[in-house]
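Structures follow.
The following pair of complexes shares a single chain, chain A, combined with chain B in the former and chain C in the latter.
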Partner chain A sequence: MINARLYIMQRLTALIMAPLVIGHIGVMIYAVQNGLSAAEILGRTQGSYFWAIFYGTFALAVAIHAAIGLRAILHEWVRLDGMVLNLVCWAIAAGLAGLGLQAVYSVTG
Partner chain B sequence: MKVSGHQRHGLWFAYISHRLSGLLLALFLPLHFWVLSLALNDRAALDGFLSWTDLWYVKVAEYGLVFLLSLHFFGGLRLMALEWLPWSARQKTYAATALAAGFAVSTSFFLSATFYG
Partner chain C sequence: MTQISQPDQQFIKVSIWRGAGDKGGYETFDVPDQESQTILDLVSYIQQYIDPSLTYRFACRVGMCGSCAMMVNGVPRWTCRTHVKKITDKAGSLTIAPLRNLPVIKDLVVDMDVFFDKWVRAEAVHHPTCSIEQGVQPVSEDTAERQAANAAIECINCAVCYAACDVVASNPEYLGPAALNRAWSLVNDVRDGGREAILEAVSGTGGCHNCHSQQSCQKYCPNELNPTASIAGLKRETSKFALRNLLNPAKKHNQGEPA
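Right after this comes the complex of A and B.
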């Protein structure tokens, strides 16, 4: 039943991310209007619980979503299977979650 | 390369564009996260990187990334509508709409990134 669980997790993370993607694209369109700088980004995000929760949720959801998506590609196109496939995908999920949360902490902490 | 019959179907294009946009976004994510992490350790390096984004070809690459994100987003909505809602004969229209919406959103970003000051 692992595939059914992965299917549900993939759709669940997609639904969680749908409003976050809209928000992220909106922020990007707004933020690039006067050029990007570290001061401009940090002035918006530093010390903000809202952005920490927004992007923390986004980073965790995308780590799971990307790992499951890459799992399907690695299985169907690279023919990985079994324990190797599971280990690679757990490593991808953990790596992306770690890097993502570190990035969120860097700009909101 | 031989093109099979099913690959000429309009919705095969929807499938492959969703898969490839997802793959490219997943490959981009570690770089994106790493650059943002510079804010904590090396703010000058982050500013150096951000000034690099003023180059026209980097802006075009950003346009491509925002297009991939919006294409994956609208393509995913189409896919979930296909799976969870009653079958609709308009699936090809929805797929074309997803592509058009991806272009519209990413072009808004590009115009916003290009014309300022």
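Right after this comes the complex of A and C.
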């Protein structure tokens, strides 16, 4: 149910996410040093193109990566197939991308 | 094999799957316990002396033909080379069933058509590079490709790996470890001219990328092959092949690529 194209997409998005996860965790460790507050986080992220691109890329990579992973699980465990499987996976990808980008916009916009 | 009827004879309780298609159940037989007995010997004893209607498949009896694989105590095994003493539980009982993941024809005989059809779908067939007039193409044993081909080549098509594979069980389209293992040996064989066709065949929806690397195939392979490693090789080569085609769609990548 996973073909070469989907396999490569999932590996490439994993490659993109790996440094972003490290950057995210690094900033978290740095940010909590002086206590964690919404004002402190928003002060760093609001109006920042850097953080918008950083977390926007992250959200899109997660949406693609997770939808492909769930595609295999949905086929093997729930026996979804064909058009139904495609639609459900596209809906998962669109939902994750929508929620993620909305959250990115909320903290960087 | 001779019929045993001594008064102090010990017996093994053997539960065997009887039935056709999806319908059936286990039937228990008492089979005399003998020295150096294989699982196939037990089944043959039942068929010859207790119930001649028991249906099973075997040919060479020496681990060459790949005909006699069955599920023994829930595990796929070649029955002609599996000694009873090595696997009976403490109660001395055995459960023998037809191979998993294949349709049952009758009793212990499964329909292997699906299994071999997938070999063809994986292009795991010979694609000649020389005609009979041109003679046999020389093979260098020293190259990395030849060593990869040799590591995968001793498959006897017994379908033990196919029965052991959980991905086959949950994704019937999946080509399975045996077909992909053969495809990998051909990809690395200089005498095979179908490299591109093979890489395309194993890149589809039932192809090598569905393998989760659970490694049941290599755990149970009676010839100690490692189809998981072969499938990992195919994943690497198909990824390179797809990316090269994406970057340079006009160029055809066919022969002579190192694995």
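As a convention for this text, the second predicted complex is superposed on the first by the 104 of 109 C-alpha atoms of A that agree within 3 Å, B and C clash if a C-alpha of one lies under 4 Å from a C-alpha of the other, contacts with A are read in each partner's own complex, and residues count from 1 in each chain.
By our rule, contacts are C-beta pairs under 8 Å (C-beta built on N, C-alpha and C of every residue); 3 or more make two chains touch, one makes a residue touch a chain.
Since this is a predicted model, take the numbers as computed values, not measurements.
Enquirer: Contacts for A:Arg11 in the overlay, against chain B (first) and chain C (second): which applies, first, second, both or neither?
Expert: both
Enquirer: Check the residue A:Asn3 against both partner chains and state whether it touches chain B (first), chain C (second), both, or neither.
Expert: The second partner, chain C, only.
Enquirer: In the overlay, work out which of chain B or chain C sits against more residues of chain A.
Expert: Touched residues of chain A are more numerous for B.
Enquirer: Once chain A of both complexes is superposed, is A:Leu20 in touch with chain B (first), chain C (second), both, or neither?
Expert: It touches nothing on chain B or chain C.
Enquirer: Tell me the contact category for A:Ile29 with respect to chain B and chain C: first, second, both or neither.
Expert: First partner only.
Enquirer: Name the contact category of A:Leu85: first (chain B only), second (chain C only), both, or neither.
Expert: In the superposition, A:Leu85 contacts neither chain B nor chain C.
Enquirer: For A:His75 in the superposed arrangement: first (chain B), second (chain C), both or neither?
Expert: second
Enquirer: Pick out the shared contact residues on chain A: the ones touching chain B in one complex and chain C in the other.
Expert: On chain A, the overlap between the chain B and chain C contacts is residues 11.
Enquirer: Which residues, counting only chain C, touch chain A once they are in their complex?
Expert: Touching chain A: residues 167, 170-171, 173, 203-207, 209-210, 212, 235, 238-239, 242-243 of chain C.
Enquirer: Of all residues in chain A, which touch chain B in the complex?
Expert: So the residues of chain A touching chain B come out as 11, 14-15, 18, 21-22, 24-25, 28-30, 32-38, 41-42, 59, 62, 66, 69-70, 73, 92, 95-96, 99-100, 102-107, 109.
Enquirer: Show me the residue ranges of chain B that touch chain A in the complex, using the header's touch definition.
Expert: Residue list for chain B touching chain A: 19, 22-23, 25-26, 29-30, 32-34, 36-41, 43, 46-47, 50, 53-54, 66, 69-70, 73, 76-77, 80, 83, 105, 108-109, 112-113, 116-117.
Enquirer: Write out the stretch or stretches of chain A touching chain C in their complex.
Expert: Touching chain C: residues 1-8, 11, 72, 75-77 of chain A.
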